[in-house]
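First the structure, then my questions, so here it is.
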Amino acid sequence: MTASYDSGRLDLPFTGICTFGRHPHHPDWSALDCDVVILGAPFDGGTQWRPGARFGPRAIREASTLFAFGHAGAYDHEEDRTFLGPEVRIADMGDADIVHTNTEKSHDNIRFGVEAALRAGALPVVLGGDHSVHIPCIEAMEGRPCHIVQIDAHLDFVDVRHGVTRGHGNALRRSLEKDWVTGLTALGIRNVSSTAREGYEAARAMGADILSVRQARALGPEGIAARVPEGDVWLTIDIDGFDPSIAPGTGTPSHGGFLYYEVLETLRAVAYRSHVVGIDLVEVAPAYDAADTTSILAAQLLLNTLGFVMDAR
Amino acid sequence: MTASYDSGRLDLPFTGICTFGRHPHHPDWSALDCDVVILGAPFDGGTQWRPGARFGPRAIREASTLFAFGHAGAYDHEEDRTFLGPEVRIADMGDADIVHTNTEKSHDNIRFGVEAALRAGALPVVLGGDHSVHIPCIEAMEGRPCHIVQIDAHLDFVDVRHGVTRGHGNALRRSLEKDWVTGLTALGIRNVSSTAREGYEAARAMGADILSVRQARALGPEGIAARVPEGDVWLTIDIDGFDPSIAPGTGTPSHGGFLYYEVLETLRAVAYRSHVVGIDLVEVAPAYDAADTTSILAAQLLLNTLGFVMDAR
Amino acid sequence: MTASYDSGRLDLPFTGICTFGRHPHHPDWSALDCDVVILGAPFDGGTQWRPGARFGPRAIREASTLFAFGHAGAYDHEEDRTFLGPEVRIADMGDADIVHTNTEKSHDNIRFGVEAALRAGALPVVLGGDHSVHIPCIEAMEGRPCHIVQIDAHLDFVDVRHGVTRGHGNALRRSLEKDWVTGLTALGIRNVSSTAREGYEAARAMGADILSVRQARALGPEGIAARVPEGDVWLTIDIDGFDPSIAPGTGTPSHGGFLYYEVLETLRAVAYRSHVVGIDLVEVAPAYDAADTTSILAAQLLLNTLGFVMDAR
Amino acid sequence: MTASYDSGRLDLPFTGICTFGRHPHHPDWSALDCDVVILGAPFDGGTQWRPGARFGPRAIREASTLFAFGHAGAYDHEEDRTFLGPEVRIADMGDADIVHTNTEKSHDNIRFGVEAALRAGALPVVLGGDHSVHIPCIEAMEGRPCHIVQIDAHLDFVDVRHGVTRGHGNALRRSLEKDWVTGLTALGIRNVSSTAREGYEAARAMGADILSVRQARALGPEGIAARVPEGDVWLTIDIDGFDPSIAPGTGTPSHGGFLYYEVLETLRAVAYRSHVVGIDLVEVAPAYDAADTTSILAAQLLLNTLGFVMDAR
Amino acid sequence: MTASYDSGRLDLPFTGICTFGRHPHHPDWSALDCDVVILGAPFDGGTQWRPGARFGPRAIREASTLFAFGHAGAYDHEEDRTFLGPEVRIADMGDADIVHTNTEKSHDNIRFGVEAALRAGALPVVLGGDHSVHIPCIEAMEGRPCHIVQIDAHLDFVDVRHGVTRGHGNALRRSLEKDWVTGLTALGIRNVSSTAREGYEAARAMGADILSVRQARALGPEGIAARVPEGDVWLTIDIDGFDPSIAPGTGTPSHGGFLYYEVLETLRAVAYRSHVVGIDLVEVAPAYDAADTTSILAAQLLLNTLGFVMDAR
Amino acid sequence: MTASYDSGRLDLPFTGICTFGRHPHHPDWSALDCDVVILGAPFDGGTQWRPGARFGPRAIREASTLFAFGHAGAYDHEEDRTFLGPEVRIADMGDADIVHTNTEKSHDNIRFGVEAALRAGALPVVLGGDHSVHIPCIEAMEGRPCHIVQIDAHLDFVDVRHGVTRGHGNALRRSLEKDWVTGLTALGIRNVSSTAREGYEAARAMGADILSVRQARALGPEGIAARVPEGDVWLTIDIDGFDPSIAPGTGTPSHGGFLYYEVLETLRAVAYRSHVVGIDLVEVAPAYDAADTTSILAAQLLLNTLGFVMDAR
């Protein structure tokens, strides 16, 4: 993306077709040739309380236009550096096809998209949808060992309950079961949720390092990052890991969550210490986001995190 | 329910635990002994656009308290008659158990509740949830021949698409396939929807009488009722059959819908001419119902319709 | 009000301090010298369901600026006539003082304001607040015989229940009890409400002519007006007399209400046949009025009605 | 657009990048080769009360996905006919470039887009933005004589006031001044607005036929269409021509507006009698559209009207 | 409550009749036999700005279902402990009867409910309603000496103004006047409010320890708790003690309030040091709570606080 | 303002005509005789994303009534001092006249109002509107040297782009160009925005001291104030300098903003160290402020800041 102000259009944020960050739409997934791809995964059939995360990708794309002013990259005056300059090629794949009433098929279609991204050598960035869309993301990683860093209010570690294995409360259990998943750093976990005591015990037994907001806060961003292995890392960001004050638009808000810089600085530290190989950001539910602050948060965090990740490469 | 004003509590509508119309909660479904039972069916996994109908039962119950002033029945000054007096015993069964990601199991649980109501000889009134909850309602009617009267913007007559058979676009197809369903009068069908031309042709071939809002309006309530058989009738009311002006809080609004008296008078005529054996009212989605007018509409319509149905008996 | 466009300010509707119709604020009630006065009565302690009508006067004033473009009067192209020209002097008295937890004192303060208006020979226009503010309006009319025309979904004719005599469900009972009130024409009454059968019987015994929306619709505006005496009339307009489609922002919406022209044409007919001596418009509750349509309705109706009333004089 | 259900994707309405009706995005305006083009004109600097129509194109595109189920065209069961089949090629041009604080430049950019459409022989459909965007639309029609049919609450016929000539209150004055504009049929005009008596007189002198909602209603759709010349017609649809009950999401709502079928049937009659050469639909303001009903109305009306227009060709 | 997942129902949070935490409803107050009782006090006649707290109990009950997953108690992974296990019996009394326009009678009815709870030896937890409902709570404590811990933005210490003694601005004055109230620790008091300088002086003279948010923050939870006597304590929690960022849904928000852990840790410290004998939580106004975060906060805080209180016993 | 409780009216915050803080309205700008004047500047034609700040003055005035209880001044218990006592005379000038589509004229009218205030020796407090209204404020300061202290998420330092010089992204560039502006302290600047790297460099070259939230936080209020010259200072407060958690109602929210006490204490320190000669507070957009918390923040901050400024004199 080059600066277009003087030669071309002004392209104010409220104009135009909403792709992520105004980057080009690549509906042909067999011919992806870029560094980062955005894939919408608008499935919310796994929610246990308020639905609506199916409109998350659409809302995050719309919010992302606020940060796409046509500059040549994003200048950060605190770092005095420009991120995501023209050398970083980003594309928007559009959305995985969702089949209502059919969780397996919807998940398969998401997996198919993530696999296409990985095959093309691009960093997949998946926009949920509820947290269950994390499951096909990790399934697409088959054969690629990675550690998972989770930002979340809830551990989502239910094994199976009433036969349910692919709801948003099962997400991390499903991924930690995989051979190619080497461990989990879970950040922000707090208060009562669908995961009972046994879930925590099982998670720890399977390699999870679980930190509450207060515990993570005490360690600080660098302290947290130091507990994450230096190799390949998949980031799974449930927006309800943030405090409801800045992320009200989500299915199951939980008070006492992270504030903005806490997560930003943690992800920055992880991006430079480890090697981020994929991201999913889930549970943005626009119907509960009266001022769009939650989708703005998702877009702002993703663009900054992508800046760090691509700069670290 | 007897008038409690002077001896007991004032019980203003904003007070108290929200059961439907403040009628008693009967969580034990094996011991239902009453004339009418309310069953919540908070499943919205079948929606193709905006979800949220899972909160329909809760919103309709809350709205219904507005019409439960503690009088001995509901006095209608236009008819100079009191409906739903103390001789009509109404109970609230609570909700069918819903299993996220599992449409079949959720539908089975709804069917189980409707069967309990029918077995007890009570009139089942099912609060959706999306229109797919109509499918288990009709499955519970197995062995009890009935005609269906549908109020709806959409015909919901998709057979199977991408393997989906129990979404909200398949509802009436599924019920009309049943041996014990003798026909369908579909009212309010309009504009483009998920049902294509072939769906209309199939419906007519299977015994459907399809009327748009304009066609129904031309016939008038009595004219419509005259096209419905006099025997047992199941009413399935999709709130989007109404105009978005009075029913904005629904997943897929369609302009040009019915106004209040059109449906009220039609259901009144059907109630007295035919024999209503069950009701489902679906697709109330509170997240899009800023002033609660949609849930108030659902409650007001149900209470009045129940008055007619029970009076006709 | 003279046209100020070329000599002075443009005064777009979103600018300026919000008095009713941008008319001057007259906080000194002892020196009112004008034809019409607006008095806010922001009391909602009489509501039985959703409160918030205390913000009605503020919202109606704000909405009224939309119709105050600085023209010399309001030109109506359908009538090819200009209403409320500079010869009609209108002032905004501000609000009656409200004392929370004390209904009597609050009502007394409203009565005090209406009396000041009447003493000054001005037409009082009272903005509620809930319908209980009608009671002090009529009390201020002591010694001035009048008939009441009510637009409302509910008859509000409860005598006393649990000791309550000045709630919004008692309003018309309280006024019809007065010696100086000669009768009542109640329009739009429908569905279940806090008034039971005995209330209707009492009302008829005390001189009430009660018409539902459907009954009034069958008569037409002129037919309705013909049932109203030709002498002095007080108009009490509960915004819930209108349909919830255009008046969602009210405490107790009731479907099947009047549409805009039905009320406008009825009030027009009454204004020219009878002699309107006072108006209260109540139950606008902005917290439930997402698009401000209800307060716009109130302002639009009042300005048009005032045009008719002042033209008829 | 061919049906893709079995061979390809299900493409539920909540998925994918939002172009109008999911039709292809053609950002290269020099190479338009299709029958109908959609152009966003997100300018709202001309509003006199509530702004926000700049987000109209985005909201209408999103709503239009509800009616884009992947069928081969839109089947209308009332007409038993399929509209907008694969033979009608539709494209979305994206938005005209808007320059904040500069009305002239923004209007020029809109004109540039409409000219590109006309040059390519495509039917331009412009999504506002406020009603001032109608001005560049008609400027682009230079050299192509046409009559204008306006659906609107307000006549928008202010000449110049405080120097303003291109606000939304000046729109029709500006177009009727053009040599190539042969006349105006204004439908729905009602109540007080920024146009004073002189504006009405000037409009009539310049060839305007002005009908209020009640006057238009008395004529009926065919009666109205009969007053429109049979030649080329440009449709300008201000969403506030509709009643606030179905179009709350607009800057300056006015009660007593048109209902859905009234406009639909009028536009249908005009489409078959006259020859529609361009359309603008303006003043959808999503910030005031809590349930998206206004943008759904715009999308539903446009898709149906386009069906009639293309079928009539 | 025992875990029901495998033997019984899944009972997702969006299903079922809303009692507090899904605990049983005990409408017969003469036969309460449990450890904790919830009583709704939906009175908001004492508010001085935005009303609506009458819907607080209903909203808090609904939000509480999010934390009632059917586990056997609430597992807290930070403490590695399970609170509110099956040995703690909780019941929902429903609501006190409210009489509109009559503050005294409404307060008496609340007092009656609290007395019933105390008589039964259960811990009363009262859900407001506005802060005036604290007055009858403390009146019910007659004969039981206690200290009061208040979380609040406002001191609520007006004696009498215009005759008002039982508004929400009088609450703590009324309770501190009682013989059986031994003192007050007021936390979070800040900014201008209805209490003037004399109110602060009177409060201190009557035994109040008043700390602003900044003063309390400087002391820390343990430092605050050390200022509270070790004996019996009544907690009165005005939700506006919290910051508007997490508690927007309240009548009179005041910026600069407490964050979640500050209050949670303070109440935890008080619960273990002193002996909590009753709780009221007031001023949740759902009409201003777009994303339900305020009612979620109330439910989350109450459930955690009850866990500490019952564990401390 | 003297206490009126016992002799006069109670004047609860929800009553009465909304001037700022209930102070008198002075529409005659040639005869201002007071210490502080409030001027509305409802212009939002300069916004690049979400408009609506034109309704900012109206919303801030309404919110300010919450803090106007009729006390004689505002008692601050943390300082044990009363601010803004009767010796401080405050008046509300109403709004500058705004001409839609004409930025220059609108800005001129704002400048005219600020000049009137300065000429009268009153402290001007301007309520935006978008940040472009800062430009005429500083133009009115011609001949009065001052330093600018800016609270903002965005530097707003674009010189000219597509010819635009008076949009909200140009505001500080325009003022820093003035001879009489001696420097800028910009606080809270963060994340990507319309100002590119060159803008930052130009700002620094022109005398700007730019601090991000994190940088400012590290310095603390006194540390920041120490960087501001001791002479005359104009405060320009963009509400988006605050965190979206407490200021969601703004056009372009940016996460990671200031919390309440950070700004309050900084402005307090500046008020006592330097000499505040004017204030503008901009970008409050009520359409995105579901619970009014943003306008409450603006009113609360302004009233407290005015207390410090006037006390420092």
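In this document, chain identifiers A, B, C, D, E and F correspond to the written order of the chains, with residue numbering beginning at 1 in each.
The working rule: a residue touches a chain if its C-beta (ideal position, glycine included) is under 8 Å from a C-beta of that chain, and two chains touch if they have at least 3 such contacts.
On a predicted model such as this, the values are computed, not experimentally measured, just so you know.
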Reference chain E; chain at largest CA-centroid distance: D
Whole-Å gap between the CA centroids of chain B and chain C: 37
Inter-chain centre distance, chain C versus chain E - centres from mean C-alpha coordinates, in Å: 40
Junction residues of chain E, two or more chains touched: 10, 12, 14, 48, 50, 54-55, 99-100, 162, 164, 243, 245-246, 288, 290
Chain contact topology (line, ring, star, complete or other): other
Pairwise chain contacts under the document criterion: A-B, A-D, A-E, A-F, B-C, B-D, B-E, C-D, C-E, C-F, D-F, E-F
In the complex, chain C residues that touch chain E: 44-48, 50-52, 54-55, 99-103, 105, 132, 162-164, 166-167, 287-288
Residue numbers on chain A that touch chain E, as the complex places them: 48-50, 155, 161-162, 164, 189-194, 196-197, 200, 210, 212, 214-215, 243-246, 248-249, 252-256, 288-290
In the complex with chain D, residue positions of chain A that touch it: 9-12, 14-19, 25, 40, 42, 54-55, 58, 61-62, 92, 94-100
Sites on chain E touched by chain A in the complex: 3, 5-6, 10, 12-14, 66-67, 69, 71, 74-78, 82, 243, 245-246, 260-261, 264, 290-293, 296-297, 300-301, 303-304
